[in-house]
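One chain, chain A, links the two complexes that follow: it is found with chain B in the first and with chain C in the second.
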Partner chain A sequence: MMHGAEPGAVAAAAPASPVRGRGAAPQLLPHIYGWLLLLPAAVLLAAFTHYPAVSTFIDSLFSTPKGRRGAAFIGLDNYQAMLDDPVFWRALENNAIYAACVIPLSIALALTMAILVDRETAGRAFLRLSFFTPTVLPMIAVANIWLFFYSPGYGLLDQVLSLFGVAAPNWLGNGHTALGCLIAVAVWKDAGFFMIFYLAALQQLSPQLAEAAAIEGASRWYFFRRVTFPLLMPTTLFVLINAVINSFRLIDHIVVMTQGGPDNATALLLFYIYEVGFKFWDTAYAATLTVVLLSLLAAVALGQFVFFDRRIHYQ
Partner chain B sequence: MNGPRPTAPTSAVLETAGAWLLALIWILPLAYALWAAVHPSQYSAHFVANAPLTVENFVKAWNASPFGRYFLNTFLLVSMILIAQLVLCTLAAYAFARFSFVGRDTAFVLVLLQLMIMPDVLIVENYRTMTALGLVDTIPAIGLPYMASAFGIFLLRQTFKSVPRELDEAARVEGAGPLQVLLKVYVPLAKPVYIAYGLVSISYHWNNFLWPLIVTNSVGTRPLTVGLQIFASSDQGIDWSVISAATLMTSAPLLIAFLLFQRQFVQSFMRAGIR
Partner chain C sequence: MRHAMKWLVPTVGAVMIALGAVNSAATAADIELSFYYPVAVGGPITKIIDGYAADFEKENPGIKINAIYAGTYQDTLVKALTSFKSGEPPDIAVLLSTDMYTLIDEDAIAPFDDVLKTDADKAWAKSFFPAFMENSQTGGKTSDAKDAVKNDALKNDAVTTWGIPFQRSTVVMFWNKEAFKAAGLDPDKAPDTWDELVTDGGKLAKRDAAGAASQWAIEIPSTGFPYWLFQGLTTANNVRLMNAAGTETYFDRPEVIQALQFWVDLSRKYKIQPEGTIEWGTTPKDFFERKTAMMWTSTGNLTNVRNNAGFAFGVAMLPAHDGRGSATGGGNFYLFKKMSDEKRAAALKFIEWMTSAERAADWGIATGYVAVRPDAWETPAMKKYVVDFPAAAVARDQLKYAVAELSTHDNQRVTKALNDGIQAALIGTKTPEEAMHDAQAEAARILKPYQ
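Up next, the complex of A and B:
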């Protein structure tokens, strides 16, 4: 085959070749083309991802400029202030609880939904539609609907409960229930999205596996546990990473439903960053908090490469 | 058909019933919003079959807030981001897939970094950058951080890599330059991926809220999501029927598109996830 040859050798043997160019140019051209093609995207990525990631860290070592007084280097003072800040710890704890509930719940539900609609079922089209619809709706819009569900007295949830004679708490106004209410919204929103990926993976599994298991007389649960679930591992990893990122990234429903309240019971880390940065305008402290968030995300990325890659059963 | 053993009738019935129960719970919020939006407000939490229908709530919502302008802003924003993403990601993906240049692998890792560290969490620094650029409260400011998308670059790179080299070589022999090869060979073959990516991008940016909320502060730039939030939290009084109508209105284009092109939507999200 022609294209296996060294470009230089081709140029030397056939100097007239219009494709390969002249002299030293063929050595250089791919580099130039490559970088020229990459340049526009690289500039934007550098400006809005790499630069801010680095400058977040630098800003966290300075004080917030106030009025005519510029930012002064204060070393780790912001970090010290953060460690002494009870709201930071509250937000971190909330975020841990939130992630620990939303991630497994939404993934388990997604897998259940995918298995339910992968079979021939009465009304399968409707089932898929209703599971997936929350995904295409704006979080900000559905949060407004859920707000009414939870509203005390005449909200839907209270009306249903009053049918059974149960006195309902003020769902979003109570520090014990508010975070749970937001978790429910997040699970509801994400499960259908993750279902899609499981559904795609299920449809790629060979039907022979199921037939073989049927001949062996394996129960469905055994088949799921020993065959389906391990084969779905790459999908689970993909979904897991997305779920983890979402649990740190998406706070739209908090802005709409609770504003982090009552008494910071629903403040997640990014919401606290938003509050500090854009309500209190303490940008240096917001940068310090962002460093924590970036470290958490970096740890997730590292964990993905180091821990999971070798454990996944690739087909 | 899929189960290894034909299931017993009772458990199959139970499973179907469970699936339906779950689906009804899942559709309930939307169904409720629909109920509240098309009935007078005294019926918003009062479910009787003979409640009169009305479009009054939609009219009220539309008149109470400049939703027309918000629609236009969102439309401009989403199309601007999509066009920029398609161009930038195509070029970058082509570079990564078909050119070996100095520092390619390092550059690729730096691009992938954005999958983890998304613009959504860099709000403080990006706001500072927009201030320095004098772009605060403009539509490009909302879009700029998202235009070079690592996800798009990665997706298209995988697709371009799967294009047979022979097609590429053939076009080159005919005298096509690198850009012509890209346009004539690679882009047409990647059409399903473009559609998939486009749908994912549109729904993401139609729904995006936090960054637009931060970087805009006037009617002329606010997208629908921010407009809806300002409408719902203003002193309109808590009229759930009107808020429901506004909520449905803002989601309607996406929802209708989804209902019409359900299969494409679902397959697009699938395709975007698999690679």
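Up next, the complex of A and C:
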């Protein structure tokens, strides 16, 4: 959206330069000029965002073409089939649980880590680096490492637990624990990335605020709750949007660690779309599911902007 | 990394096509064949394939092979089908044997029968192990998917060959001889029946003072493609999972439910296998770490186990019950449509060359895949290999009992129904009976349009 706004501002300014002595051209020229400036951004947006979204919606109203049989218009049949599809509901439910856990946990952890490494402590650079490392690793590598952390018997987790004499479950092979295991991986992976933003924001805060609060006798918790946290709200909004998108977008670890199993216990929406689209080759149904995912994301993003914008103090 | 690959492969492909265009313009007589292949096992596979392509070109001037590594089996199928849908299919591809019906239904591949002109061609097509051909042929001979199904029901004797076996594998059982010895069992004899598996397993499973398992007797992996390993149990219980036309499944037969019950019992009743699902990828590691005394896995892991097991190990056929058997797996050569006759003849030549007895033996030794034709096992190189490493021959001997890997129309969807059912039973959310009835109902619903 920002890309579109800047050339637009130039276009709005353009009519101020006086062009005289001609017919229709003088009024037309600035407009053409403006539209030309808009064009590159508009073409990119249309080609890679709007056109795919619209064509996905159109595809979802047709049947999947197979062999010599072309696509036929079937209205909302795909949506009806979706409502009757238990795996879709399972994936949606899983995704809701996944998002509800990953988003707050990763943000809380990121904020805690940022506050920890914001202070002058010994080995601060080392701490920052180690908090940030998971972000640098590709998700595929992370998932393969965690696969062995979770492996029953000799996995890291089981070795630690066996020190305390606790018999560990088969983490990824159990319908009750598998999703939780994937949530832990996602939190571990995301938190370091979000920490960087919080850290940058914390460094921007004026030290005078802390001094003033100290003079007034405010406790540290009170200062955090009433001063630091509200001032971090713009960052929190940014991080929140990213976290929401990530919780629907990142599925690499599922492909590596569980393939959605056992019995769909870890199937997330996007993973199911991939399965339907590129394993079942039911492209029309995959388009239908994509429309749902897109609408969900759009609704969440819209809600966030409308809801939070009123509450956020921008400096 | 993944993104880089995604871009890289089409880019390399495009560059190769562009180069090819220049090339073929220069020497108009040259025939260019694009060949997509996946890599599914460890080792320098791309180097071997490139070497084969270069050797073939040397022996057959006028034919150029563009061998394009396309990722995993799944990636290769996605690339081949999407390029087919955009009108630029590869000429030849190695894809899963179980993708046959998918490819037929998409009208993407051509039958081999039309290009088998000479007697030598026809003899070549009959030179493979019958177990491997089960997943490479269908009934009625027509390229129209719908008619193929209909004709199939009418005349089962008419056979169409859609795939030629190339990199094929099957499930076998590995056992740790040291663990057997320690448990007071004969280290040179693996359990040969389900009953022996349970009694030997009782001796092999060990627990520490706290009651936690320190060594399991067996692991049959159940993630990713549990149906494939499950077929080792159902075949031993003398039941097939689908008909030859790929239009019907038999998941709710009592023998199938029994087989699943046995799998569940290994964990819950006999307590000789870990509970819950068992990760396919870490099973060999469990074996190396002595966490399990036996494992079921693909023959494709033979070289891996040979290099990494720090103890004497053996390879055995899967234990028998009412019968014996295992499912074959792996990849076939397919011919895509939209090729000129001239090109198609060249493609056939290449595939014949790649699957000759000598090449099949060489490929089997280099990769651990099962050499796909009986006469490959009679070549001097293979005979020497088997003397050094007798375990390699177990897979061959088991082929007599082997059946086709589960493959139907709308294959991956039907397979998922079964996979979900198997996993639900293993993690205990459904009984084997419920799970298989649900899976059958779902499969029947999916296959309805094909009947």
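Simple rule for what comes next: the second predicted complex is superposed on the first by the 270 of 315 C-alpha atoms of A that agree within 3 Å, B and C clash if a C-alpha of one lies under 4 Å from a C-alpha of the other, contacts with A are read in each partner's own complex, and residues count from 1 in each chain.
Note that in this section a residue touches a chain if its C-beta (ideal position, glycine included) is under 8 Å from a C-beta of that chain, and two chains touch if they have at least 3 such contacts.
Since the model is a prediction, treat every value here as computed from it, not as a measurement.
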First, second, both or neither for A:Val292, with chain B first and chain C second: neither
Partner chain(s) touched by A:Phe148 [first = chain B, second = chain C, both, neither]: both
Touching partner for A:Ile196 - first (chain B), second (chain C), both, neither: first
First, second, both or neither for A:Met233, with chain B first and chain C second: neither
First (chain B), second (chain C), both or neither touched by A:Phe278: both
First, second, both or neither for A:Leu156, with chain B first and chain C second: first
Which of chain B and chain C A:Asp252 touches, first, second, both or neither: both
First (chain B), second (chain C), both or neither touched by A:Pro169: second
Touched partner set for A:Leu44, first chain B, second chain C, both or neither: first
Common interface positions of chain A, toward chain B and toward chain C: 138, 140, 148, 154, 252, 278
Of all residues in chain C, those that touch chain A in their complex: 1-2, 74, 78, 81, 102, 105-107, 144-145, 210-213, 222-224, 274-279, 281-282, 285-286, 289, 291, 410, 412-413, 416, 419-421, 423-424, 426-427, 429
Sites on chain A touched by chain B in the complex: 2-3, 18-19, 30-35, 37-38, 40-45, 47-53, 55-56, 59, 109, 112-113, 116-123, 126-142, 144-146, 148-149, 154-156, 159, 188, 191-193, 196-197, 199-202, 207, 210-211, 213-214, 216-220, 223, 238, 245, 248-252, 255-256, 270, 273-274, 277-278, 283, 286-287, 290, 293-294, 297-298, 300-301
Complex contacts: residues of chain B adjacent to chain A: 1-5, 7, 15-16, 18-20, 22-24, 26-27, 29-30, 32-33, 36, 45, 87-89, 91-92, 94-96, 99-102, 104, 107, 110-111, 113-114, 116-129, 144-145, 147-148, 150, 153, 165, 169, 172-173, 175, 178, 203, 206-207, 209-210, 213-214, 224-225, 228-229, 232-233, 240, 243-244, 247-248, 250-251, 254-255, 258-259, 262, 265-266, 269-271, 273-274
List of chain A residues in touch with chain C within their complex: 66-68, 87, 138, 140, 147-148, 151-154, 162, 165, 167, 169-170, 172-175, 252, 258-259, 261-265, 275, 278-282
